[in-house]
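Questions regarding the structure given below will be posed in turn.
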Amino acid sequence: MGFGRKNYNASTRFIRSDGGVNIKRTGLNRLDNLDIYHWLITTSLTRLFFVILCSYTIANLIFAFIYYSLGVENFGGLNTDSELDSFLSLFFFSAQTLTTVGYGHVYPLSHYVSLVSATESLLGLLGFALATGVLYGRFSRPKADLLYSKNILIAPYEGAFGLMFRIANKKQYELIESEASVTISYTDPVTKKREFDQLKLEINRINYLALSWTIVHPLNDESPLKGWTQKDFQETDIEIMILMKAINDTFSQTVYSRHSYKSEDIIEHAKFVPLRQEIKEDGRIVVSVNEIHQFTKTEPQA
Amino acid sequence: MGFGRKNYNASTRFIRSDGGVNIKRTGLNRLDNLDIYHWLITTSLTRLFFVILCSYTIANLIFAFIYYSLGVENFGGLNTDSELDSFLSLFFFSAQTLTTVGYGHVYPLSHYVSLVSATESLLGLLGFALATGVLYGRFSRPKADLLYSKNILIAPYEGAFGLMFRIANKKQYELIESEASVTISYTDPVTKKREFDQLKLEINRINYLALSWTIVHPLNDESPLKGWTQKDFQETDIEIMILMKAINDTFSQTVYSRHSYKSEDIIEHAKFVPLRQEIKEDGRIVVSVNEIHQFTKTEPQA
Amino acid sequence: MGFGRKNYNASTRFIRSDGGVNIKRTGLNRLDNLDIYHWLITTSLTRLFFVILCSYTIANLIFAFIYYSLGVENFGGLNTDSELDSFLSLFFFSAQTLTTVGYGHVYPLSHYVSLVSATESLLGLLGFALATGVLYGRFSRPKADLLYSKNILIAPYEGAFGLMFRIANKKQYELIESEASVTISYTDPVTKKREFDQLKLEINRINYLALSWTIVHPLNDESPLKGWTQKDFQETDIEIMILMKAINDTFSQTVYSRHSYKSEDIIEHAKFVPLRQEIKEDGRIVVSVNEIHQFTKTEPQA
Amino acid sequence: MGFGRKNYNASTRFIRSDGGVNIKRTGLNRLDNLDIYHWLITTSLTRLFFVILCSYTIANLIFAFIYYSLGVENFGGLNTDSELDSFLSLFFFSAQTLTTVGYGHVYPLSHYVSLVSATESLLGLLGFALATGVLYGRFSRPKADLLYSKNILIAPYEGAFGLMFRIANKKQYELIESEASVTISYTDPVTKKREFDQLKLEINRINYLALSWTIVHPLNDESPLKGWTQKDFQETDIEIMILMKAINDTFSQTVYSRHSYKSEDIIEHAKFVPLRQEIKEDGRIVVSVNEIHQFTKTEPQA
């Protein structure tokens, strides 16, 4: 599995509920550990915009200082009413150069200033090339936006029981060739070591993820969880880790999604309520995907 | 299959004839359901152009209002013959700033205006970066442009019958390693529930999709459709769903295509007319792909 | 195979020696058949540059006409010495607007002209966004630049004979997980129909394509070509079609390459000369890949 | 394997320790061998920046010469104090045109100059489009940043011995579905020819590469290396070549990594020290990946 077998306290989980892997790697020098592109692609839009705005302001401040130190007499059309006016005018001249807007009401008179502004406009274009790449990288990044049922149920299944959870596609585009892989991690009551096991699924691949998909692990003789009760799940501090793989056929992209359930998410003697489907007049089938969380309690079998 | 088993009325189909999946998902908050990039990539070019034009106009209107509220006296070279002239001049100053054309016959006099225009030109560049990404995303999107025969035939095949349809590549680039997968959905006459079945194909993979490919499901003992007549297909409200997968070797992209036939598309006692091939003087083979729809009626076998 | 079985004249081949598939599809309306992006990506650089230059000139001519028809009195700073001067000045004003260079020595005086130039600069940005996408698409396109031996030999192999050709990687980047697939097409002497067969290879996959790879089809009892002589290859008008697949690990791209040999490329009683390898002082291994064409004649076995 | 079987001197290795394949291909004409895009993507950032700066300067020098030869009288607003001043002003006018900043304090007076500057600004945009593509291509290139243990150990394993090395992910993003493939190359002491062999691994695929992965080749009866001592490894000049494949699930990219060990990297009678794992208060697991190099000596078994 690539996870360690040390026994953690109950609050620790390998996969966070948002799908992230709960591990931080250290011990490398900062440069090895740093991946700016990865950060720019995965950070929030707000933060990205803040970073762009700051870089823009700082770049303009630096160039304004350079222009200022070269002397205001090297500029035509400059507002030189005060030192501050001069500096601010140069700041905005820098902004007009960096973005290549170049109104030209302020313009370089000396070759030194021209050299700096020629460099600045090149840097502006390169910086903008970077921004284009980052924005495209963010938007075109393969994403599986799956909705997982809040709970994982122990439900009646083929005369016995099955461990069941449901997923649905949150987006309007289609996911095809979906595959599920379910792994459990639990503390062996005897050795106190962390054990890992892959759970066998009734079906682990479907052609379309059109409505919803109930993924079932039959609790039969082959299952390591056969006969377990809520108490067993709690005491072994079980973590049920899901790895989904599917193809977004709009972009032919393979997408991945992770999720994890802990013992408190397990409901015994319950079964999922089938999703209601409404047929519109134009023949379209409408489903309400947030119904995948709904379940009803069943009678405990004697 | 990922589709429900509820029995729909005859007009409903899972796959629309244009290949789209006939399902709408609701019940999420709007933000979850929204995927702007997906929309921008898949909408028509006309709509996209309209959206770009509107955004451009609205952005310029907003900035023109900001400039106007800062006061026309903060601008050099402005046409201030009337209130409207002032506003329109500021609107076009905004356009020149947003696109970074920056003629400079109108230019900022005060630092406040300079600040707004520096922000506007940055936003202009970012917006343009987005447009670049969207246009590239649209053009580079993997597409399989397949032509499906209008009808699906029950044709003589190896002494018995086979269910057959034909596909051809509409484009001049090549598709290799093509794979077909055919699923049927029908209403069980007894249970009135929707049943799903995967049809076995004579060959489900070919190396080149050079001319055309006739995909054959033998109606032998293994087939769930053995002995069915037009009446059976109609009464069970059959839907024959096709999922094609191929590789466009110009871009090494895996492409997908979906299609679906209903009972009215099924023709009994018919067989496809082979595609005519013309050999040009330079050795090139010319085929007319729209001939894949052509079939002739055969004698009903006694 | 996706090719027809009609018998062609000897000059026809399915795969051209440059790897292109020798088929032209017609019969669709032009729009279906057209794939501008595909053309822009695969055409020569010279043609692409010509197309860009023409589009640029035509766009400027159109806008110059619009500006001219709006009246030269709507422009400031215009050279109006003659009608031609006016028009040319407007042509270059258009160019300065389209590229967003916007010197501003010529500038719009009326709102109508401002409106047109605001539209033009937007179109300029969009056109440039397209060019960015096309250039990136061209450069990032997966390419396998393989060198195929000029001839395919019938060489001694494990006490009998084998059909052999060699390939090498032309570029300095590495190709890994290379796979070969060899298909023959020949005219059956009896039925006069075109037959297709997949040839079994000794090894059809290698981890690295570091030096060269000799792909061998053993001419044993399983081979449809066992005992064939040059005369058989000629009379059946054989075409040996190669499809190579590999991964360029710099870009993790799967790349494809096609090649085809005809009977005149087949050499009997010959074997390939092993590639010379030179070890540089720094331990680097140097090979001269164009030696893959070299073979020596062997004694015909009695 | 795609490598030759000639026997090299001990200093030669197929895979360099940085993962590069140690082969140079020659014998083609320069153009075939050249792959500018590949170079631009894989060269260092410093070199790339230098190339961009040089191209920018040279392009401006060329256009300055063209403008100068057309005559300084064709420009408005030019500093013509001296020949040098004129030339430098034209150099910076060129820079303002190429980057489309276009201040406009220097501007074309004649149509010839306008024509050249219209061409220059088009070239500027195209060059910038190229730069955008190159920067995006560099950042989005699939990369596996794996840390390999410095040594490969012969450690106790299931009552016997195993050849073991460890890998860890250097980056904060996750690698899933990791696969290892280990090949050895050694000089046969009898034939003096280079032999190649694929080593069987205990497990060759794991779901997550979360902490670290110890890849084990059991030195059992099936192993070609059973019973080998340090002396054997040295005398046969062994090279142990690793090919790792994994999926970066942030970008759904398949990434590859290569590594190679020589006899001096093999340590007998040693075993790896398990990685320490620290549980933070928020439940996060912290590992120090550079501990993967650590091993302890074991008692030689009698």
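Quick notes on this one:
All chains are identified by letter, namely A, B, C and D, in their written order; residue positions are counted from 1 within each chain.
The working rule: contacts are C-beta pairs under 8 Å (C-beta built on N, C-alpha and C of every residue); 3 or more make two chains touch, one makes a residue touch a chain.
Bear in mind that the values here come from a model prediction, so they are computed numbers and not experimental data.
Interface residue usage between subunit A and subunit D, two copies of one sequence, is largely distinct: under half of the residue numbers at the contact are used by both copies.
More contacting C-beta pairs link the chains of B-C than the other of the two pairs B-C and A-C.
A centroid comparison over C-alpha atoms places D as the chain most distant from subunit B. The distance from the centre of subunit A to the centre of subunit C, each centre being the mean of the chain's C-alpha atoms, comes to 37 Å.
Centre-to-centre separation of subunit B and subunit C, using mean CA positions: 26 Å. For subunit B, the set of residues that touch two or more other chains comprises 96, 100-104, 132, 136. For subunit B in complex with subunit A, the touching residues are 1-4, 6, 8-9, 11-14, 21-28, 32-33, 35, 37-38, 41-42, 76, 96-97, 100-104, 107-109, 111, 114-115, 117-118, 121-122, 124-126, 129-130, 132-134, 136-137, 141-142, 181, 183, 243, 253-256, 258. Residues of subunit A touching subunit C in their complex: 100, 102-104, 132. Here subunit D touches subunit A in the complex through residues 52-53, 56, 60, 79, 85, 88-89, 92, 95-96, 99-105, 128, 131-132, 135-136, 139-140, 145, 147, 168-174, 176, 178, 206-213, 247, 249-252, 274-275, 277, 279-280, 283-291, going by the rule given at the top.
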